[in-house]
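Next up: the structures, one after another.
Both complexes below contain subunit A, partnered by subunit B and then by subunit C.
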Partner chain A sequence: MSEVRLPPEPLGGSEPLGGPDLPGGGDSPGGGELAGESARSLTAQTWRQFRRHRLAVGGLVILGLLTVAVILGPWLIPFDPNRIEASTANLGPSLTHLMGTDELGRDQLARILVGGRLTLSVSAAAVLVALIAGVAVGAVAGYAGGFIDNVLMRVVDIFYALPGLFIVILLVALIGPSYWTIVIAIAVLSWMNTARLVRSSFLSLKEKEFVEAARTVGASDVGIVVRHILPNALSPVIVAATLGVANAILIESALSFLGLGFQPPEATWGGLLSDAKSSVVITGHWWRGLFPGLMIFITVLSANFIGDGLRDALDPRSAGIKKG
Partner chain B sequence: MTPLLEVRDLVVRFDTDDGTVHAVNGISYSLNRGESLAIVGESGSGKSVAAMALMGLLPRPQARIAGGSVMFQGRDLLAQTEQEWRRTRGREIAMVYQDPMTSLNPSLRIGQQLGQVVRHHLGLSKSAARVRVTDLLALVGIPNPGGRLDDYPHQFSGGQRQRLLIALALSCDPALLIADEPTTALDVTIQAQMIELVKDLREQLEMAVVWITHDLGVVAGLVDKVAVMYGGNMVENAPVRDLYAHPQHPYTVGLLNSLPTLEHGERRLTPIPGSPPDPLHPSGACSFAPRCPLAVDRCRESPPELVTLAPGHSAACYRSHDVTRRPTLEVQP
Partner chain C sequence: MVGPYIIRRLLQAIPLLFGISIIIFLMLQMAPGGPLASGEAQAAITPEQIERLRGHYGLDDPLPVQYLNWVGGIVTGDWGTSYDTGQPVLKAIGERLPTTLVLTGLAFVVSLLIAIPVGVLAATRQYSAFDYASTGLSFAGIATPSFWFGLMLLYVFSFQLDLLPSSGLTDLRVEHTGLADLWDRTQHLIMPVAVLALIATANLTRYIRSSMLEVLGQDYVRTARGSGLPERRVILQHAGKNASIPVVTIAMLMVPDLFLGAVITETIFSIPGMGALFVHSAELRDYPVLLGILIIAALLVVVTNLATDVIYGFLDPRISYE
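Up next is the complex of A and B:
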């Protein structure tokens, strides 16, 4: 990494350096190539990095397919997810009913596709809300420090300590189980992790010399937080967010289990899974549990791979480095 | 002509749980436009704190300026509001930091990082800022400046990053540049380059420079004046030639004796015995007395004042007339 120029180059009067006397053998043999690559936009470069992560690309493809499937699928399937049909009750997977039917004779594939709409959108919305709240609280606490930090972190502690489901029951009981109540309920249970992560990143980043350097050239507090600290604190947040998707799906299913989630006949993956408990255990209808569980599994795994790939791609230190 | 910068009796205290830290105890110096001053002292002597006070960036609420004034271009910096400070920092007074590896934001491209400073202070448009940054990179000797604007800091070598920091500091033509040990993290060849670079740029841009260092060897050919700090006090203040030829304070002599020279062959370096004073418990006497080979009873009773001994040369020592360049007898080869 060291420069090999020996004589300190003289700065000739007003003429800027740069012309013919540039020494060869600088620090990067691929300097020209680097300069060319980095002229691209940030998104292009991130995407290029991301593509190198095969699992992440796979996750993105699968999640994309799932999204398309849950949006378009219900129209393509010749079954109404909510129509009760005694003659088709409790059928195993077959060519007609690819994922079998439940005890009321509803086609499970149709219910999974319709349920996916709710599950995916609720998880995404809840993660987004939790992220915004967590980043805001964490950033203020970490940057301000002292008394404000203490107050905000005690609030976080209180949210950790409170029996989460109690709050959710209260919330749902008071407002009723609407879409946004459930989103807020999930967010309320999961924003604290992000807040702590962001706070701890901020605590270490705000002491970094480049923050001090930004201050010496006249940057404001808001500018420092938004431009200098937040971008460097994002990687753990992205990982937390992808894990949050998994968590949100699980919380949603827990709510459904308690009867506080979406009310029947609305289907969600978590709800389908909890409905399946007795069928799987008592009557051995394995398809009732397998398929909703598989959907959750695949979604969570894909989200995690995407998070992994994003973290690598967004880390500027990995840019321009050829991997394996 | 009023000086560009005039620091009078600056006192900085830190309030900690263990008591009050006497970081800077009434230092004074002045600097004309285009002039350069080195503040020399060992770790903990208060030199960096004194510099941060000039930037209005002392850690709050622990640090407090307990006295004195800092006049810059005829106005008192210590009376400035935070808004005014933001216009001063980077625009009129800029700073180069010690560690080039960590002083650049790793997630911002160089063009943006430098560009936002010139846009903030000079109100340039995005494209004008790009042109300005390209010129700056060329000025500090980055090869192919136009092609490096969209690179991230990690794509530059250590020496280049220090150049980038200098470019950042120079971006708005400041009247005063504070260099806080900008060469300590670099290897010697790059150190020499940086010193040359700052020297050339100073002449070219007519900036005043305050160079903070613990290394008297670095500043010899670089600055006009040297101020030596010890334990938060300014113990000697002199034009650079005078200081090397006729040091008037035993601590300065100690510093000079701990430098390697070429003149005396394999002479062993002479360290200064003892350790620096505890800033939590000032002795109320000369802070160097416990380590001083010349100390007499008087030194342990009351602190000496800074006394002018020759034009531009002052020292805070009762025995400054007895100080010689090499108090230890040497065997000539």
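Up next is the complex of A and C:
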């Protein structure tokens, strides 16, 4: 299960906590810019906390399995997701076709697996783009302060007030439903939360002694931001990003369901549901509707559990309230 | 000092609306080939006709001029006409808006009616079977895509049980009057409202539960209990009143989400509301209609935020209006 790894947790060295190394994942990529020992043991501390949250661990395992399945699955199962075969049309679930077939005789499991590739990768890419944009805006606003901060935060306010789903629909309909259009359209509506979180971390962190110290020894502004403040400001962002994945999956699926996302024969989970509508409602082929939706449900649920677990692990104050 | 406060917040909303309108306007310019591109591609019209159309819609003016003309039109009530039907935009929206508002309003009421008792009960019986069940269900509700839920409801109640109609707002085959008409409309709304209310209900239940739990741990609740008040009064009056303050904010902020979510609900159940009109117009690139609906939606967001602030102020005397 080394496919999915806990994101590196660069909680800063303000509270030196001891602890064993993260089992098998201590040197995860991205953790490199962290200053040595204390950050690493904090990662371990976080992981220990996280492991106590059983639902979160379950979510991580399921999301890991799903990721492996959509990556490797299409090569392992003996059906071509796009091959039209009249003799196998509209079959219910069986040992041969575990999730049944559609009206063109295509194996639904095969379509769900290739569809999962698109749905998951678009969502991950959208979150990544939103994260980069949000961190950039938040860092500039928080570090610069004053007028620049004010302007950037008003822009954030405006984006918050945009009618989200309508804007995504608009952008995709206008520019055309390509992979990157969908990624950008989702990201355009998802960067503000990160920007606010990063900004408020920056506002408080830039007054700290260690920043003062770095400045005294001649570190540049960029150096201070990237090497000293940013790693300390990331933990709320990681929680927001995990929950953002769930949200992105729901938006992409909704877009595909409305027929505005990826176009056939390209499969996505939302697209499969959209195609299934008349089969389910008029001819009663329940498996066409049940399985694609179940995949979205399980994935979103897992991502939410992981986000909750991370929040509890990274923010000790919230742990007491959330239990139960 | 509530009056001046409201006026000040209203004035703050104006630049916000301008910002939103600029961003929406700029987004529309991003379509490759401009607003008439799809028309050029589809219909067999001559370049001269396109030239004329461009002139007619003012598409040759510089962008700032186009923007000002458009905003001026919005303010004076001239929202343009649909490229598709030639109908005035305000009229097209006016025909669809009530349906969506009814759907949104009903879903909002339903989610409150379920979430408040369930959330309060779960909090007062923390760690009970009821608490676990309701928490589990709200987690599930948040992760359920509404179109999947709708599709499954359609399978069970329309296909299998044949209890509820699968689309539209009324039965077009039979003319109903009086009570029969009301029953007909109710039947058509049950599933759409359930689908739209699902996520809001799940979210609200969680917020109400945690807000209630926080308040129940406070000293004044213990004091109220200690002074021998009946548990009912402690929970409803002392705890409930204070727990309701954050909940009102969250609940109000859900109204725009419900309104936007209606796009999906209307698509599943073929209901002729604003959301369906928006998707249709997006497919046709019917710019004036798209812009009009976006402005209505943005107005709704801004007005709800404003209303939330004001209500919050009334509920919580600690808020200062200075």
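The rule is short, and it goes like this: the second predicted complex is superposed on the first by the 195 of 324 C-alpha atoms of A that agree within 3 Å, B and C clash if a C-alpha of one lies under 4 Å from a C-alpha of the other, contacts with A are read in each partner's own complex, and residues count from 1 in each chain.
In this section, contacts are C-beta pairs under 8 Å (C-beta built on N, C-alpha and C of every residue); 3 or more make two chains touch, one makes a residue touch a chain.
Just so we're clear, the structure is a prediction, and the values are computed from it rather than from any experiment.
Looking at the shared chain after the overlay, A:Leu273 reaches subunit C, while subunit B stays out of its contact range.
By the document's definition of touching, of the two partners only subunit C reaches A:Leu174; subunit B does not. In the superposition on chain A, no contact is made by A:Ala86 with either subunit B or subunit C.
Residue contacts after overlaying the shared chain place A:Phe210 against subunit B, while subunit C stays out of touching range.
Judged by the document's definition of touching, no subunit A residue lies at the interface with subunit B and also at the interface with subunit C.
The part of subunit B that touches subunit A in the complex is made up of residues 55, 57, 85-91, 94-95, 97-99, 102-109, 116-117, 120-121, 135, 138-139, 141-145, 147-148, 150-152, 154-160, 165, 168-169, 171-172, 187, 189-190, 192-193, 195-197, 200-201, 204.
Against subunit C, the residues of subunit A that register as touching in their complex are 154-155, 157-159, 161-167, 169-171, 173-176, 246, 250, 253-254, 257-260, 270, 273-274, 276-277, 280-282, 284, 286, 289-290, 292-294, 296-297, 300-301, 304-305, 321, 324.
Subunit A meets subunit B in the complex at residues 1-3, 5-6, 8-11, 13-14, 16-18, 22-23, 26-28, 31-32, 34-36, 38-39, 208-210, 212-220, 223, 227-228, 231-232, 316-317, 319-320.
In the complex of the two chains, the subunit C residues touching subunit A come out as 15-16, 19-20, 23-24, 27-28, 30-32, 126-127, 131, 135, 139-140, 142-149, 151-152, 154-155, 158-160, 166, 210, 213-214, 256, 259-261, 263-264, 267-268, 278-279, 282-283, 285, 290, 293-294, 297-298, 300-302, 305.
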